[in-house]
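Presented sequentially are two complexes of chain A, the first with chain B as partner and the second with chain C.
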Partner chain A sequence: MDPSGIFPTSYRTDRRVVRTRWQAIALAVFMGLLLAAPYLASGRIIAVLNMMLISAVIAVGLQICTGYAGQINLGQAAFMGVGAYTASILASKTGMSFLLTIPLAGFAAALFGFLFGLTAARIKGFYLALTTIAAQFLFHFAVLNLPSSWMGGSNGITVPPAELFGFRIVGETSQFYMNLAVATIMIAGAFGIIRSRFGRAFVAVRDDDVAAGIMGINVAATKANAFLIGAFYAGVGGALWAYLIRFVGVDQFTLFNSIFFIAMIIVGGMGSIVGALVGVFVIRVIQEVIATVGPNIADSVSFLGGDIVFAGMNVILGGVIAGSMILEPKGLMHRWNILKSSFRIWPFPY
Partner chain B sequence: MVYFINDIITGALIGLLYALVAMGFVVIYRASKVFNFAQGELVIIGGFIVWFTTMQLGLSLWLSIPLSLVLAGLVGYAIERIFLTKLIGESVFSMVMVTVGLLILLRGLVLLLFGPAVRPFPIIFPLKPLFLGDMLIPMNLLAGGIITIVAAVGLSWFFNRTRSGLRMTAVAEDHVVASSMGISVKGSIAFAWVLGAILSTIGAMIFLSGKSLTFLASDIGFAALPVALFAGLESIGGLILAGVIIGVVQSLTTNYLDPMIGGSLGSVVPYIIMLAILLIRPTGLFGWRTIERV
Partner chain C sequence: MTAAPLAVRNATLKFGGVTALDDVSITVNDDELLAIIGPNGAGKTSLLNVTAGFYRPQKGSVELSGKDVTGQRVDQIARHGLARTFQGTHLFAGQTVVENIMIGRHMLMKSNVVQAFFQYGTVMREESEHREAAEEIIDFLEIEAIRNRPVGTLGYGLRKRVDLGRALAQEPSILLMDEPMAGMNSEEKEDLARFILDVREARKIPVVLVEHDMGVVMDLADRIVVLDFGRVIAEGTPEEIQKDPAVIKAYLG
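Right, the complex of A and B next:
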């Protein structure tokens, strides 16, 4: 709820993203800190921030598809992979600029996602989620079995660095600004999408698809759109990933990666863009801690070897998913909103 | 020609093994309306329990197999008590998401407890294949096929004819309606998971008998998924037909089509069938047609 004295007088003000002056200030400070981050923080932190920004783009896409439109999507990593492969093939074979390859990667992934979303015309509920698992397997099959001159097969593809007016975007700092720019555009776009006609249709379909259909919403098209948008975001994120790692291989886009993205939106809170960002932050920090602490533990229990990082990550993230569903199904964002409104109405209970 | 028939028979038997693992999906779905994404991990846990009781404790097979099944049932019950009981009354969506979480949680736990090492799995069924003329049929798959058919007929009878089975069917229809009619949703879900874990363990014994055991064997869970959807998630008897069809198609693709195109189309063919069946007949061959009310 809004603080006292702030109330909408028109639909426009009701749908505002930034509602109070303090929120505007907080947003400006946050963006300012992000812009200044390369001068404030060390290289290691910038590397983590790069991963967070890319994950944020992908998780926001998943949030629109799963959190807003209610379509379980277990293929987000495959959609990301389609984007990454599209970008790297275009960049390495035709030498196209990243200004073109990143949107094209998004469109390629969106087309792939849309194909699976189209099955929504026939299938309802979590059956739809199962087709996204099929997407995951078909993607792996296509990459590994098509002639390796097309998609690199099991060898993967090396990606040339992004280049803008003769300036090569290499190194953590310049990549950080590229990722930050793309992520900002994509996230601002997400706020636009969810407040539009499409966003309202998504929420209606999520809450009750039969009722939404009776109200005149084309349910199947809405679901397919949800997959299209979610996959577009994944594709853009995949392209950024390709430019960051400079190498794509099929092992980077597994079902487990898809589940990690699901963990992010569940922890942050379903049905909230900011929640997705919070989730990305929390999960990436957890992953970073495990990646740092893991090898030390691995030294003491040597029989596990290097797999302890992967195993520990799975245990903790699986526990986090199950734990959030049981203890706080609405996510951290919901908790924060409760805290905020109880602070505002204090000392009254409601 | 003999090879062709042999491929068909082997394919059908592998299909029956998929059907047995898929039965885990269906039993859990049939009694709780939850689609369990972590089915493959249950298979692998069953496999490790069998390995532990025979290889580590050194028990004879006659003792270790029943013990393993009991332990597997306990694991299923524990999972249900820890993760799912608390979600009764919440949306089915959250229960399904919890099983997605379980998928990676159990995978990680297995890796932490047992490590990535490759282990020999006890020989439960004779290694020597059965010779029929020029054809040879692996004993484990043959025994597995028989077990699958017996289990399918038995469970089918249980769910469709007995009073307690019909109670669980009511739970699968609607949790709220079932509990307002005095049916214990909790009991039904607990039973489903115990049964699902036991079936997975039997599947693991057939699948792994005399082979090696690593955590990668859980892939059979996703291989069995198309079978469950092809049959329709509510039908136990239909699994036999669906399993045989998918197994035969896969075996023929692997043996005749793959050498031609030089790829492993055989491993994705079940998924192509699954996508086709979802588009043509979303409820599968024998699934329920539900009427939705607002």
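Right, the complex of A and C next:
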């Protein structure tokens, strides 16, 4: 939002994402800090940032599918898995460059997502949620039961490192730059999509599909496209994951992970790309704190035993999510927007 | 002679044993404001829904500018140039006025997803062009001051105006309006009536108006079709309709 009293003078300026000089500076500083992060922060923090960047790509995809187009999707981790497996198989069996495997992983996941998007044309809400859970089980079933020479079965697949002009992208730092580059492209593209006619069509289908139809929007195709795009993001994220961990196994992509992605966009705020990023940050930080504090508690309060502490930590994480839904059901971005608009008109009440 | 913007021929629509429309034919001519009236349950809204593609008639056809669109999907019919406003409103409540009207431009825009992802400049140029058309409609409906307000925060009269604006943004060749005056006070009715007349006169878009307010209908319509129990019982100018004995018996009382 522009400061009070400043009005846009062209349609182009009226639609800008970055509207003021301060926002541009803030964005530049933020990107600068990210670029310099490997020189400023410890390896542990870079590892966390890597997880955040990958989660960000996947959560932004889910935000487009669920937050913008309103199609509940509990299969995002399965779509991520399809991407991860596609990249792993292509990289390990054909030696293809990551410049090809990452987009191909996206397309493979998009195809898988599109199949479930077709069901969204006919069913809504609760029933759609159940159908997307089926994506999880279908994925697990396929990986575990197809011949293990195809997808590695229960043994998983070991992934060779990504290579660019003979330089092997190994180690947290070089992978960080690869993830940062891909995430930046994907997030910038997401802004492009949601601000175009497609973003408006998604919102139209979410808010009122009867009216969307009479606007000349093909409702069924739009819903299927929402899944396609959401799954494409998951697939790209899955490929990055495969290159980061260098090993894929079926139990990395469970319903539990899907629910975490949902939690990220709920905590951050539905229907906002920045909200998805905020949600990823908040949830990953909480997870990281729990992972750090948990063992210490288990050590110092030994009579509790490790199992109870770890289970308890998940309860805390669940509590954070439930609490944010009670206290801030529209997400952190909603609160931020309220703060921003009251600052803009300060000292007047409206 | 060019084909009529809208022609419904011998439409019959049944819900189980109930006949909602029985062999109904209407033709809308260029620049015409046709009103459809009738008692509750006469089939007025059913006729609009058949025309817009929400229901498929068991018999009969719907033609838009000479093209048979019977049985096509709602969005395909919309792309053939049919727009409608709803009884009550079906606006996208969380979106601003501008965004609602821009959704009306969706089917006229051409960029694809890959362009939206990569080619910021091309897509933004198209956006600006269509935004100009949207602003022209905002200007026409005199809603400049509220263009950035979320529609959900607006009063009913203004919402109906945005609903009309969104339909106009589709650049339709025919506009259907389902009870636009319902629930409005007389000032809001006058405003909307003025806009409906302007739509016909300045924009040359023929209008089909389903309405219960007889004062409005008699003042605005060029021609009136009266439905009762799913059948057309009379058709003519407002003066003729007011004198028609069958209409007086069935409806005007």
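Everything below uses one rule, namely that the second predicted complex is superposed on the first by the 330 of 350 C-alpha atoms of A that agree within 3 Å, B and C clash if a C-alpha of one lies under 4 Å from a C-alpha of the other, contacts with A are read in each partner's own complex, and residues count from 1 in each chain.
We take it that a contact is a pair of C-beta atoms (placed from the backbone, for glycine too) under 8 Å apart; a residue touches a chain by one contact, two chains touch by 3 or more.
Just so we're clear, the structure is a prediction, and the values are computed from it rather than from any experiment.
Residue by residue along chain A, chain B and chain C are tallied for touches, and B comes out ahead. Looking at the shared chain after the overlay, A:72 reaches chain B, while chain C stays out of its contact range.
Once chain A of one complex is fitted onto chain A of the other, the partner contacts of A:97 are absent, as it touches neither chain B nor chain C.
Once the two complexes are overlaid on the shared chain, A:341 sits clear of chain B and of chain C alike.
Applying the stated contact rule after C-alpha superposition, one finds that A:217 touches chain C and leaves chain B untouched. Applying the stated contact rule after C-alpha superposition, one finds that A:158 touches neither chain B nor chain C. Judged by the touch definition given at the top, the superposed model places A:208 against both chain B and chain C. Legend: residue contacts after superposition of the two complexes on their common chain; A:252 is shown touching neither chain B nor chain C. Using the contact criterion defined above for the overlaid structures, shared-chain residue A:325 touches chain B, although it does not reach chain C. In the superposition on chain A, A:148 makes contact with neither chain B nor chain C. Common to the chain B-facing and chain C-facing surfaces of chain A are residues 208, 210-211, 214. Chain C meets chain A in the complex at residues 52, 73-75, 78-79, 83-84, 86, 90-95, 99, 102-107, 109, 111, 113, 115-118, 120, 123-124, 127-128, 131-132, 135, 166, 170.
Per the touch definition, chain A reaches chain B in the complex via residues 70, 72, 74, 119, 122-124, 126-127, 129-131, 133-134, 137-138, 141, 144-145, 208, 210-211, 214, 256, 259, 262-263, 266, 303-305, 307-308, 310-322, 325-326, 329. Remark: chain B residues 35, 37, 83, 86-87, 90, 92-94, 96-98, 100-109, 111-112, 115-117, 222, 225, 229, 263-265, 267-268, 271-272, 274-275, 278-280, 282, 292-294 touch chain A in the complex. Put simply, chain A touches chain C in their complex at residues 10-12, 14-15, 189, 192-193, 195-201, 203-204, 207-208, 210-219, 225, 229.
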